[in-house]
Amino acid sequence: MGRPDWLCKPPRDMQRAMLSAEQLAEIESLRSALAPTRRATVPALEDLLFRPLPVLDHGFIRVIDYMGDDAAIVQAARVSYGRGTRRVSEDAGLIRYLMRHRHSTPFEMCEIKYHVKLPIFVARQWIRHRTANVNEYSARYSILDREFYIPAPAQLAAQSASNRQGRGDVLEGAEAENVLAMLRDDAGRSHDHYLALLNEGETRDPNRQGLARELARMNLTLNTYTQWYWKSDLHNLLNFLSLRADPHAQYEIRAYAEAIAETVRAWVPAAYAAFADYRLGAVTLSAPMLAVLRRMLDGETVTQAGSGLSKREYGEMMAALGRPA
Amino acid sequence: MGRPDWLCKPPRDMQRAMLSAEQLAEIESLRSALAPTRRATVPALEDLLFRPLPVLDHGFIRVIDYMGDDAAIVQAARVSYGRGTRRVSEDAGLIRYLMRHRHSTPFEMCEIKYHVKLPIFVARQWIRHRTANVNEYSARYSILDREFYIPAPAQLAAQSASNRQGRGDVLEGAEAENVLAMLRDDAGRSHDHYLALLNEGETRDPNRQGLARELARMNLTLNTYTQWYWKSDLHNLLNFLSLRADPHAQYEIRAYAEAIAETVRAWVPAAYAAFADYRLGAVTLSAPMLAVLRRMLDGETVTQAGSGLSKREYGEMMAALGRPA
Amino acid sequence: MGRPDWLCKPPRDMQRAMLSAEQLAEIESLRSALAPTRRATVPALEDLLFRPLPVLDHGFIRVIDYMGDDAAIVQAARVSYGRGTRRVSEDAGLIRYLMRHRHSTPFEMCEIKYHVKLPIFVARQWIRHRTANVNEYSARYSILDREFYIPAPAQLAAQSASNRQGRGDVLEGAEAENVLAMLRDDAGRSHDHYLALLNEGETRDPNRQGLARELARMNLTLNTYTQWYWKSDLHNLLNFLSLRADPHAQYEIRAYAEAIAETVRAWVPAAYAAFADYRLGAVTLSAPMLAVLRRMLDGETVTQAGSGLSKREYGEMMAALGRPA
Amino acid sequence: MGRPDWLCKPPRDMQRAMLSAEQLAEIESLRSALAPTRRATVPALEDLLFRPLPVLDHGFIRVIDYMGDDAAIVQAARVSYGRGTRRVSEDAGLIRYLMRHRHSTPFEMCEIKYHVKLPIFVARQWIRHRTANVNEYSARYSILDREFYIPAPAQLAAQSASNRQGRGDVLEGAEAENVLAMLRDDAGRSHDHYLALLNEGETRDPNRQGLARELARMNLTLNTYTQWYWKSDLHNLLNFLSLRADPHAQYEIRAYAEAIAETVRAWVPAAYAAFADYRLGAVTLSAPMLAVLRRMLDGETVTQAGSGLSKREYGEMMAALGRPA
């Protein structure tokens, strides 16, 4: 997960695609206002504050607010009166210890709030993380914009043959073109009809009453964009990342998780480094796998047949150890 | 909320619309199997167990399992060794006291599990109740059936003029017909194309790879039916009902809330009666409203202008008291 | 709940009782450090930041960090791109509307963190509020100070005759003195023996091993002080206040709730005012009470016997309306 | 964790220590009442139902109610219409897959409720598991019995020299006797004074008012027994077990976790077996540990100095692999 340039400064034209000139001006005006505070402050995250980081074709995440920093984790773990930092290296060591031994409560002492624009089918996966606070744009009150997610060609994949929930080969040529056209047409037509059902605004037909907003929205397709404010403590945010930045997660939500991961790295660098080592890059070996590993370390060559593991588990274990299956 | 006959025994043809013959046979076979248990048992809820209660045009709720009864609430409130019941009237009195004084934890001691079939836009409202357990049918693994919610004519309403999130007059004549046709066509076409994108099964075109399930689903409209297992404790279930069985809730989710309310009434009659009196039928008066009320009780005629309340609040108060605004 | 002077500036000697000179110096040094931030900032709360507000004889609360302000509630309710404030009066009106209609999610967008020192028996009530984050000082790792809560004479009350969980008359004379002496002696002796069991530090007896900390702590009495970091969103904090700042709450936890209420008033004045009107000062009338009220408003004199309410409910209703029972 | 005989049938005299004859008769009467149910039923757990399983010197756990079984996990994972079981072996395989890949929601579909009697200092650790439902015996309303936890001689340990939160050598001889005497005396005296402060019952002194119950309880020591009803879903119960049945957990709460583990094994044997393999007996290797392991598997001898790991991490890794450090 290198840090691409666009994360820090989206090119002008991408910004235009996502946000109106008025919205961008409002954001820039907020960004320029500084106030003094006694609270813990993280300059690297202040730099990112309010700025939309583009995700997918029309989506983004923006950090709206935050509370705490690496030192706040240490302060809570020690229940101390000061800010907790003795020496940076000592703090990092304690944070690594807490992460390794699953001490979750000190990480709950940091909090962050995002503004996210995302397709509805991604929102449906995301909302399953229950320990968070959400305010979503309501299509009962307001009208959704004509924006839908259409996958980039590189993401247009067939069903995986081996994995019931994964993707296989990328579609090409005419098939790819037809798929994209179908997705674009259906989403567009559904949104056009949604506006026709509403019968509001300048083009309103006075001979029709129009359908209530809470009903008309049901005509939209699941790739229509919605948006929300989403707030989480750091512990639950890391749980989100460990599930959604994982290669098994669907690409579309992973793209959001990776953008969020960049902001977490800027915010709490010591906690993020510990997370990368002890969660993202870690491997859990079951009791039967551990028994096999011990035989291997004793010099024995253990085949799948002799391992007592199922083919699937044996394959997972060898992949984790970087050895041929 | 009278108890319509169909809640107990859906007519044969409604059942056919919702469930295949095979599924119905599986359900009836489950229903016929009885086992002895030492646990608290509620015969009135046993009668309803597993049976689909129809909601909307293709949806249903079914009680799958439950734990506890009215006596379990009493038992927990008293932390007693026995089953808690002394006399039914005493228990009902204690339950009323607990409900009135917002003692929520004894109601958390009862648990119920439903199988629900519902349109996706209803599922998106429902899932906002975070303190529950959910397993949803996954369109990453499986293919969604060709079933969508199309409102009954009586539910086809215009936007309310007075309430930004409500419904106004029912649409009629040609406009209603056109709306229904548009909803049906768009949902049907989107699902047809969804199947075409998938390119699976008997009609598979061997010259196309087909699109991964996790991607193809984005072409579906929000009135497509999904289903899930949903489990909640009684306290949080009553919170759900107080928000979703409320006249301000959208009709479609209210229809589910009302069917659930019937099952709660069968399950814990004393708790449900207390809930009806102290929550559903109750009114909360703010401090400024209370000041107005005291003046009224002293015989004063208080106009909106003289009340110190906003027009909106004054109107809400008079409506609650059943007096002209 | 007027704002006593000591909330803002504890007298020097109270501070000395609670905190060591070293701790106070550390706090003042933190307070003097200012950093620029782009985040929402509340000067009135910045003034209180880090300062211990005394509660009971040795306890305190201190605000350690916060996120959001009144405008953040509005911003989330509108899912807007800017800071949400149009005009202060408009924002206050929206906040009142949200509070009145139980829209809880916008209030979840604000977060606050406290450092609290409190007796263990109060901590046991407090921790029942589950939707919060806590890091408590651990007596498995560290040694608890010799500090216990001894009630002030005005709080030394007999059991209430009418209320099974309340307090009655204040004890006086010799009985009061004996009670205080007994509480002081038992807590003191238990702590002395706790230190003797531990057998650590300068007075260590080299002929004894000493008992493990995790065991020795069981000898302490429930009025021993502990401390923790406690973090909550505003919605759940207001739930805490509505239950714990209530006259039915035990005095000792109410003292903490009232100190917290002062900080909330400084932090989000519009939300706090709405909370005072629609929650703290509000009254909920059940359906049967409402029926009685309507008869009263029609000029009827309704006695308890004719009301259909139990004596208890009738009394509660008349008390709420400020009328003789 | 073998299954000791006493778990199934506590010897008569242990029962007498925990429960009065009246309580035991009430329990046996409940146990003898059988009702027919259509719900999933687990005979092995029915056998244990209501029976107190002794823990520590005066504590116990009792299963009061349950919902679901192994098949309910499968049913939710498949969102099926039937009871989910195809073949027992297939179900077990799916459950193992779900456990290995951290699919938590299907395990949330099972629920269990316990009645627990436990020392207050254990209750304070236990309550940190927030995703559960609790009703505790209230010392504001009622009077706590004269029962305290006094460790068995084998549990009377010194502070560990190497582990800041662990236990070291067992105390012996005069020191042990003195410790036990001190614990017994202080708890006993505090409870005697608690009763004197209350001044209730037959021995009431009419010349004293007595102290309110909510105040008098503060004189009790932390090893006094309390009790509660505690209800959890299976997913969160397994989290509880993985932390509290762990060798790093304090012995006293571990004793409760082990008794609970026995009931879980009787209730959902397939889920418990998967839990034992993939959680209890599993080892998580961090990214740096994994790098070291790969070098070892390639035949290299890796010393701590050459490993890049801290001494502590290196030691933890070698212990996990069963190799000399």
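A, B, C and D are the chain letters, set down in written order, and residue numbers restart from 1 in every chain.
By definition in this document, contacts are C-beta pairs under 8 Å (C-beta built on N, C-alpha and C of every residue); 3 or more make two chains touch, one makes a residue touch a chain.
Keep in mind the model is a prediction, meaning the values are calculated, not measured.
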Identify the chains in contact with chain B as well as chain C, in label order.
A, D
If you tally contacting C-beta pairs, which comes out ahead, A-B or A-D? Let me know.
A-B
Measuring from the mean C-alpha position of chain A to the mean C-alpha position of chain D, what distance in angstrom results?
36
Rounded to a whole Å, what is the gap between the Cα centroids of chain A and chain B?
30
Per-residue multi-chain contacts in chain A, two or more chains
105, 128, 134, 138
Touching residues on chain D, where the partner in the complex is chain B:
19, 23, 26-27, 30-31, 33-41, 46, 49-50, 64-68, 72, 75-77, 79, 81-83, 105-106, 108-109, 111, 113, 115, 133-138, 227-229, 231, 233
Taking the touch rule as given, give the residues of chain C at its contact with chain B in the complex, in rising order.
93, 97, 100, 102, 105, 128, 243, 248, 276-278, 280-290, 293-294, 296-297, 310, 313, 316, 320-323
Under the definition above, what is the set of chain D residues touching chain C in their complex?
119-121, 123-124, 127-128, 130-131, 134, 138, 140-141, 149, 151, 155-160, 164-169, 171, 175, 179, 182-183, 186-187, 189-190, 193, 196-198, 200, 208-215, 217-223, 250
